[in-house]
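The data blocks that follow each hold one structure.
In the two complexes below, chain A is the common chain; its partner is chain B in one and chain C in the other.
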Partner chain A sequence: MGGNKQRQLSRRNLLLSAGALGSTGLFAPHIAWSQDGKILKVRSYSDLQILDPAFRLSAPEGDIMRAIYAGLATNVPGDVWDWKAVSVESLEQLDELTVAFKLRDKIGFTDGFGQMTAEDVKFSIERVANPANESPYAGDWAALKEVEVKDTLSGLIHLKNAFAPLWTSTLPTTTCSILSKAAVEAAGGKIGAQPVAQSGQYILTEWTPKQRTILRRNPDWAYEPGGYDEIQIIPIEDPATAELGFEAGDLDHTWTAVSSISRLKENPPSGGVVLEKPSLAYVWLGINKDVAPFDNPNIRRAVQHAIDTESVVEAAYFGAATTSTGIIAPGLPGHRDKVLYGYDPDKARELLAAEGATDLSVTLDILNQSERLTAAQVVQANLADVGITCEIKQNDSGTFWTLGSKDGDYWDKLQLIIGRFSMEPDPSWATAWFVPEQIGVWNWERFDSQEFADLHAQGMVETDPAKRDEIYKQAQDIMEESGCYVFLTHEVTGVLHRDTVAPGLKPNGEPLLGDFKPV
Partner chain B sequence: MLREPLGVLGISLVLLVVLGAVFADFLASADPSKISPRNRFSSPGFEHLAGTDQLGRDLFSRVLHGGQIALAVALGSTAVSLLIGMVLGLIAGYGPRWLDNLLILVFDAMKSFPTVMLALALVTLFGPSLTAVVVVVILVNVPGYARIIRTQTIALKSAEYVTAAQSMGASTARVLRVHILPNVIGPLLILASMDIPVVIAIEAGMSFLGLGVRPPTPSWGAILNDGFANIRESYWIVVAGGIPIILTTLGFTFLGETLRDVFDPRLKGR
Partner chain C sequence: MGDCPILAYALKRLVLAIVIISVAMTLLFAMIYLIPGDPAKVALGPRATPEMVESLRVRMGLDQPIWVQFWRFYSGVWRGDLGIEVLSGRPVLTVVLEQLPYTLALIAGAISWSVALGIPLGCIAAIKRGGWVDRVVGIVSVAVIAVPSFVIAIYALLIFAVSLRWLPAIGAGEPGDLGDQLLHLILPSLAVGLGWVGYIARMVRASMLEVLEASHIRTARAFGLPENQITYSYALRIAILPTVTLLGVGVGQMLSSAVFAEIVFARPGIGKLVYDSILTRNYPLVTGSVLVTTAFFVFVNVIADLVIGALDPRVRSGFG
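Let's look at the complex of A and B:
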């Protein structure tokens, strides 16, 4: 009887069992981690919306696409910017205007779309480059003349002119993901949140919006396999929240808040490794010149003088990052030594008074992250100091990344914005988003300068580093002269990962999911 | 009431919070919105009694000025809720049956919305603001007050002194104002005093979630949010945001319970 009684499932027994299980997790949280090469849980700072290389909205989407669509090449993990082949057996620059490629013969597309062919390469590259398709990444292939198909697996990429960023910010990036021509055409030409005909190391098997994306090993991938059977990508916008998730054992890898880096380095979480990587990204305060009162250049200039960028960066990043002088980070051609219009509140007040601008009220849109909010509050205080009232509007990532779109209904209300763009290791990848063609796409300040566009075009064909340096410095001067920009910082990248995980990271700390391995 | 230790404690706490809010400008010399990033996370001390937050703002000053927001929202929106609830309750209880049924349907529909969902819906429509907080509080409180008034009005409308007044030609307005309202308002005031901490918690909760008052306006919920985001750097921000909420909640709750015991001794000790 007694034995029977013990085996009965009573409420008390259930609670005891649940408590015991919970305690196990409390005292040994690592038991819940996936450290045996089965499952890797990584955080991304935004959820996916579009899995189309030509129309992607965010870097985390690019990370996923690199894993599920085999590109021609990708970056090599480590501290030096370099590339390695993915879908190609060979990729070689024959002369200044010609690149030859030969595809590996065992790369196939899912859903019955067959082997990857040179025709797919031609389709994918020309689809991005074709102006009629209005891809925001068309600039990555600005020099493309055509892709010539030689046979099933090989072909030639012909350029119109020399193209400096080819091997840094074009070929190894998501822009060069190869799609199945048949699959994209069957999908009507555009891809949404559901991928078409995957071909990479991993395949996307599940996406629960705002919760997680699951990648599983592609059973048909015949080359170096990914390190994990399954990668779970969990969208968490706020890095501080992600740090808590890591400590709770729910994540194996995350970017940290920049402001947390020094604390985490001094006192890393149990089983955690903290890395600090130089970032190429850039953060700025954007001013929409087409919306009053910022249609007045003197008001824009007043805002440039009103912002104490050192205080903004100090407050938001707790001293871990330094102020920037433009959109091009130190180490790249075109990095400037100083800004043209620095902090000078008296000058700002003078300009506002000269324009008769009293009682100005403006809005500042930001992504809903603690660092952005802190930065915004300092901007708000700086503006209040010169007599401008500023209301801060926090947006989730889905809303934020559409605010300045010409297809939306907010671009003509957008006034101030704190933006942050990821970056590839070539200065043209910074200037590309601010040319006139990008107005209402990524150029939300509606900065419109043909001279700037000409310099951007010139920089892409110029291969002399000294001349490129001059070109990009001049381009940033024009940006700043427009009054549309206050450059804040390039940040630094803080990475937190389990000691059971060897993360595959680009030199700037961005993840290469296919290169994550268990230790 | 002053013989009740709980009542004395309640009044003391409420007075402490009210006086702190009213005399915030005199008690705290620092500007609650003045940022000083280089003084961030200063621990409590002589210069900053409650320390500073991540932007170097004086927390003592922010807590006192946050009290102004909390009390303004709590007292203001509770008073408006009380007024609307009273009028609707009297109409429902004294009016025709069809109107009563209609109003009860409206009250129940309003009551069925979870507070947080209601707040999210309103903020989505109109954006986060102090007004949104006030509207949420009013929408949440009105049905409860109206239902109580309605029930009491229905019970009283057939009372002898009310029918006597009606037979002597008293107008509906006079019957409601002179004969019914004075007899139903007492319990409502007690209920309202006990609802004030709930309203303060709603305001703090909405501001914590970023749905309430906008930065840089100080609010206890916003201070708590700052503390949550930076709890690894300093514990005193959470303490500074949490203590006034606890004290105010306890103060108004003790006060309300004591008032209830005074007005209805049968409930004492329950």
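Let's look at the complex of A and C:
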């Protein structure tokens, strides 16, 4: 009996506790801590795994590293792609092959690793560039010859050849984060999820896996301070969850789902500001030219004419995004004004009839993501309209990203695909994946043009913006002429932030944590 | 052991548990290798050269024949080594054990909801058999069983977190702050446990009706014992036994519901860890986390069986 009584009492206690907790919630509504400029809560779409600039796996890791490791330069927040100095007093291109730098004299590393020196710059840059280290970012320094140390704070970066992306997608990126040579060597050359010797505006003080990362102001940072005492970075993969978290007051800044932008703009959450930022990413319908029936150029051309890109993009992105004319976004050299082969279903039917292709059945592989599925369904309807039956095959990310690989067994069955690549603000980033060496790697359409490859190589060393513009326009013309591509959109990035926060954002909406300020 | 049938029974269950875990791991290992996708390529992303992808494949041991990988994994498990998470270089066991407490707390919370609400509702429905209370409880029970947990999660979040702002929407609470962690647990555990309120209410009602007709209850009434004492001290004690079994099996279902709750409420946890690692083909993490989850599930069921034995002399007498 005593035992029974004990159980009843426990249950009652439990109910009472639950009630008390609920009441606590009633009287403690959530507060947007950013209002007092102390704590900023931002969402990242993935948790960190590696805090090594040479081996970073995701953009959110890069965002954190920019804040905790002072780089030579970083992007300027705003609507124009530009750079500003971080750890340098001066950074100057002396000639096509030489960049001179002089470090600020009050940049120090934590954990007793002393002042940042030119030797650290040499170590950090050459560590990325050295092929023996197998950094996936070695290409950012493809043109590096060596870094010459002049004195404690000064040095020269020598290039083997002119390198156009240097000031856009190399120097201001996480690739140019400067690490302490002594600290990395002490760590055995490898950096995991715990940072080594931090030097930025903020220092990472806590990482609770899958839950949050906390950055606090670096007390030893002698220059423009970060805007908040503390930044909490909360990994939330699903943008819809993040939007709800924002509406519930648990976040101060998040990216939104593209499909939510219209709704949020019409009815923004209380105290929330919705921004639309042009994305650099590009989405396209790819056509594998080595697989029947698309080994026939006229069938490929028919598909190009069959797709109503306006409808595809309108349906998939709820009117928030616009159609694209190529793989290079507006604002970058090489952006085209129009496509060569637009929507013309009559022309598509004509081409199909001329080829005797009356009963075609094809497959379209996509990533299992809502925007992609909607786009695929409109493509399917467009193809049906010209007499082509299209089966949509959805793939999870692990499967999708290997479909066109020459090492797999599907590349010779892959027919149509909706692809999406993100990129840095230099056109060479867009063309790099479509050269012949990339066939079966990332060039799944198996588009094979030496002329295109030559133009890509030319664009890498051409520093005259007008000439680069021509080069990349011509390169995209060749892509479209091949019949392998239907360019869909560059998408758009939705940003939701508290009106008490002035977010530091790159022109494409990616966060620059060091530039977030309280209003 | 012949003198202690419960110990013999426990040992039998333990051996069976090891066999179940081994079979589950073998199936899992076979299954993940049938899924298309190259973990090295997924992990390194588009910028990696084929040489780098190959190098990572070697580091992950994926260049070895499948039986070698299988043996490495199995022999490692018996040494308590679930391998290394290749990308971050952290031990898999550490990664899994970091996430496990969040899921255990979620399931404990869900069980608390289902027991705290389901048992009283089932009892009341049985006592008020045929009346309007019984009918309402019946309708509500079936309704909460029928609605998927992720729907409950989304509505709970919209109502209590977004509209009313009574409870937090995302995360697991401030580390080290038990009160905050409990607040963060209320909505997700409700989402996972609400369906089980219905199951348990139905189960308790049915058992109670059966037990209330039993001869020993009639005898108790004949002795003039108070009705509350008969119901809660004698009838419920017997009627609750199937609920323990149900909860044991239900933990598996709750683990799968936890995946949705962890995604919707952006909570850390082992369900989400498994889901993410399958998407990224992070084989060491998939196998490690599923092994721990399977072991947990089997362990809970062994405990449930032993608890039933301890509570029910009829079951206990069958141990020998």
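As a convention for this text, the second predicted complex is superposed on the first by the 296 of 519 C-alpha atoms of A that agree within 3 Å, B and C clash if a C-alpha of one lies under 4 Å from a C-alpha of the other, contacts with A are read in each partner's own complex, and residues count from 1 in each chain.
The working rule: a contact is a pair of C-beta atoms (placed from the backbone, for glycine too) under 8 Å apart; a residue touches a chain by one contact, two chains touch by 3 or more.
On a predicted model such as this, the values are computed, not experimentally measured, just so you know.
Considering which of chain B and chain C touches more of chain A, the answer is C.
Looking at the shared chain after the overlay, A:Lys190 reaches chain C, while chain B stays out of its contact range. When the shared chain is aligned, no partner comes close enough to touch A:Gly112: not chain B, not chain C.
When the shared chain is aligned, no partner comes close enough to touch A:Pro330: not chain B, not chain C. Of the two partner chains placed by the overlay, only chain B lies in contact with A:Thr374; chain C stays clear of it. Touch criterion met: A:Ser311 reaches chain B, while chain C stays clear of it. Looking at the shared chain after the overlay, A:Arg263 reaches chain B, while chain C stays out of its contact range. Put simply, chain A uses residues 238 to touch chain B in one complex and chain C in the other.
Residue ranges of chain A in contact with chain C, taken from their complex: 1, 4, 8, 11, 14-15, 18, 21-22, 24-26, 29-30, 49-50, 57, 134, 136-137, 139, 190, 192-193, 208-212, 234-238, 241-242, 244-245, 247-251, 396-399, 401-402, 405, 407-408, 410, 421, 433, 441-442.
Considering their complex, residues 35-39, 41-52, 55, 87-90, 95, 98-99, 112, 116, 157-158, 160-162, 165-172, 175, 179, 182-183, 186, 232-233, 237, 263-266, 268-269, 272-273, 276, 278-281 of chain C touch chain A. Of all residues in chain B, only 33-35, 37-38, 40, 54-56, 127-128, 210, 214-216, 229-230, 232-233 touch chain A in the complex they form. Interface residues of chain A, counted against chain B in their complex, comprise 238, 240, 260, 263, 311, 314-315, 318, 368, 370, 373-374, 376-378, 380-381, 384, 391-394.
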